[in-house]
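Have a look at these structures, which come just after this line.
In the two complexes that follow, chain A is the common piece, with chain B as its partner first and chain C second.
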Partner chain A sequence: MALLLGLFIVHLGFTTLARLRRAQTRLEVRTDALVATRITRHVVRRELRHGRHGDDWFVNDDSIFLRAFRGTALVCPYDTLTLELTVVFGGDRRPDPSKDSVLLIGPLGSLEARALTGVGSSSNPCGPTALPPPETWRLDAAVPPGSVVARLYERGSYHLSASALRYRRGASGRQPLTPEVWSASSAWVRTGRVLGLEARYRDSEAGAPWSAFLAWLE
Partner chain B sequence: MLAFVILVMLGLFALTHGVLVASLAELAGSRAAVRELEVSAAAEGALQATLTTPPGPWMDSVVAWDARTVSHGPAGRTETFGIMRRLGPESWLIEGLAQMHSRAPARTARMAWSIDPLTRVTSLQGIVSVGPGALASIPGTVDTSDPTAVVAPMQAGDCDAWLDALNAHYLAHEVPAVATLPDSASPPGLGLLEFADALAAAPVAVAGSGTPAPTEVLGVCLTDEPWGWGDPVRPWRPCGALLPLRAASGDLLVSGGAGQGVLIVDGELTLAAGARYYGLVLSSGALRLEAGSVFEGMALAQGGVYVAEGATLRGSACWAARVLAAQRPALGRFVPLRSVGRVGPL
Partner chain C sequence: MSRGFTLLEVVVALVLLEVAVLAAVGTLAVASRTLAEAEHLERAVVEAEGALDSLAGVPGATSGSRTFTGGEVDWSIDTTGTVSLRAQSVVGAILFELQSAVRRP
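Let's turn to the complex of A and B:
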């Protein structure tokens, strides 16, 4: 009798452990899927909202090619050399002449792109003191007269490939940004004036297919 | 047996703890996502509210300006700021910023355009700018000799705010009587303010024909009278300072009388004998000055210009700048730059 009771307790213990382990695994899969979904939605929406469809980004199959804006500079009225700009800059990271370009905006919305060839400090005051200290940007071609804003960007692309969202800067490799949870049928979808994400998970326990708004196609 | 039970209990405890930690992490992630959505929406709301802020003369004297509001949403207290930063005479960076619980703020911005009277006037290439191919027939008198002269009925001091800049501009750039508008497809606008939007911005419309005359009641000027276009020849009277914006959705005939301000006509504008107008005219049709009429100011007339013998057209940048400045609240609203979209990150 004692042996039977002991075996029953052992069986009960192992069964409970196994079920709890399965529940934990399912939760991990589900968490990974939600994390991947949130990251994808946040990253891609943030990137696309800073640009205009057709001008700054476009979709091709599993890829979104874009100008990935990394900062914004207010142009100060001090320029004496045509290849230089004095700016006050703020953004996600510092300008890097090895990979960055500059989109110059005129007062009526004209756009001109230039390559950034150098960055230095500037002693000229510019704007309210609350702004960051001004700096000098050197460009590869003349600055269009009247430019008021310079947007710093790098060329990049986002891909839904090999089960994850991946980012590729220029011609470098595709780096994963999310856990590998997507099935091959996940895709960017264009419906009318809307770009969305149709997310299907590789593991059925990750949840039902899910779709999300990403950007306006206008 | 006891050891086995203890081991099972430890295993259960470890697994339960793992599940709990994973659940809490997921809960924190969900909350963060909700907060991110809420502050993004609040920042967007602050941006839109600032973009639709009625413009005013104070805009000329600021480099940066912000308005702070506090709201309470499902995720907590949110502070929002709408920030206007002047980048150039007509260029603005409008920013919406929202912050929750002292965490990193969400920011969104757009570049916008808002009319600057001086810049708009000095950008006009001629006293009358006409559409490509439109007829310019000028048997009458056209005076382009001094667009910054302050002559009666304009009072000394009426042009002081712009006089130095206008003098500097017209010393370097001679202004012809007639110039050609660059865009042939659409009626003339003012910078990025399109003709239709300028027409819609007018608080009072006129139609057909009429004679402008000031309307006073008990010493007060009635500003909403359709044909009350100020009192240019008696500037000391109650309506003397009224520089109204009037619009007509069709041809307009001014039969005598005197008026001042900004006149927007979706059709042909005719000043008949005895009519006098001082200010700025935008017309999708032709501007016709018949014998005995006087126009002082500047005009954009898509359909051409006709100045009959005995009519007088005197170019006056002072009148144009003065009436545009007076209509800043109606015409100076922010126009987001369509080619740029949202600007960021900041």
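Let's turn to the complex of A and C:
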């Protein structure tokens, strides 16, 4: 009798542990799905909001190609006849000459694009001391006279591939930004003037499919 | 030589084990419920943002509602362009309410 009772208790223990493990795994799947959902929607919406369809980004199959906005620099009022520019920059990350380009905006809204070829510190004072320290940007061609603002862009592409949202910076590989939760049927969807996201999870336990607005196609 | 365990010792050990297992089950249940609420909230945010973007992009857009897995989002817009939006779960609990000025095209 005591042996039977002992076996029953052991069986009950193992069954409970197995159920706990299954519940824990399911919880992990749902958590990953929620994380992937938030990141995918937030990142892509934010990137596309900074640009115009056709000019700054376009969609092709599973990819969104774009000039990703990375920050804005105020051009300091120094002689701009050379290839150098003194600026005060604020942005998501430091400028990187290996992959960044610059859009120079004139006082009347004129636009000129340049490649960024070098970045260095500057000893020239520029604006209130509360601003970030000024720096020197070297460009591939002469700076248009009177430029007042420089916007920094990075060429990249977002992909829904291999079960995750991935970002490809320049010519480098596709790096995952989310856990690998998406099924192969997840896709960017163009409906009239709207670019949306139709998302399905690879694991049906992760949750119901959903769709979201991403940007206007105009 | 060991004399083995008494019945009282075994019962105490089992009670302790049960308490530990129940605590683990309880923690998982709370985590699961919290996650479900987060999922509902996320879906509500998706629908709310979609609705606000639609209002900003569609001339003449008016009041409306959308349902999603786990609830509903409804909104109204007045003549000044102020949108009042409310998201609620299927059981009627308010997930969030907001008012926002929308720039019409």
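In the analysis below, the second predicted complex is superposed on the first by the 215 of 218 C-alpha atoms of A that agree within 3 Å, B and C clash if a C-alpha of one lies under 4 Å from a C-alpha of the other, contacts with A are read in each partner's own complex, and residues count from 1 in each chain.
Just so it is clear, a contact is a pair of C-beta atoms (placed from the backbone, for glycine too) under 8 Å apart; a residue touches a chain by one contact, two chains touch by 3 or more.
What you are looking at is a predicted structure, and each value in this text was computed from that prediction instead of being measured.
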Chain B versus chain C as contact partner of A:I9, first or second or both or neither: both
Partner chain in contact with A:T31 - chain B first, chain C second, else both or neither: both
Partner chain in contact with A:R193 - chain B first, chain C second, else both or neither: second
Which superposed partner A:L20 touches (first chain B, second chain C, both, neither): both
Chain B versus chain C as contact partner of A:D92, first or second or both or neither: first
First (chain B), second (chain C), both or neither touched by A:A115: neither
Touched chain A residues, chain B compared with chain C: B
Touching partner for A:A184 - first (chain B), second (chain C), both, neither: neither
Chain B and chain C footprints on chain A, overlapping residues: 9, 13, 16-17, 20, 23-24, 27, 30-31, 34, 38
Touch list for chain A against partner chain C, complex: 9, 13, 16-17, 20, 23-24, 27, 30-31, 34, 37-38, 41, 45, 193, 207-208, 210, 212-213, 216
Residue ranges of chain B touching chain A (in the complex, touch as defined): 1, 4-5, 8, 11-12, 15-16, 18-19, 22-23, 25-26, 29-30, 33, 36, 63-64, 85, 87-91, 93, 108-109, 111, 113, 191-192, 337-346
Interfacial residue positions of chain A with respect to chain B in the complex: 6, 9-10, 13-14, 16-17, 20-21, 23-24, 27-28, 30-31, 34-35, 38, 42, 49-52, 55-56, 69-72, 74-75, 90-92, 105, 107-111, 127-128, 146, 148-149, 151
Chain C residues touching chain A - in the complex, by the definition given at the top: 14, 17, 21, 24-25, 28, 31-32, 35, 38-39, 42-43, 46, 49-50, 53-54, 57, 68-69
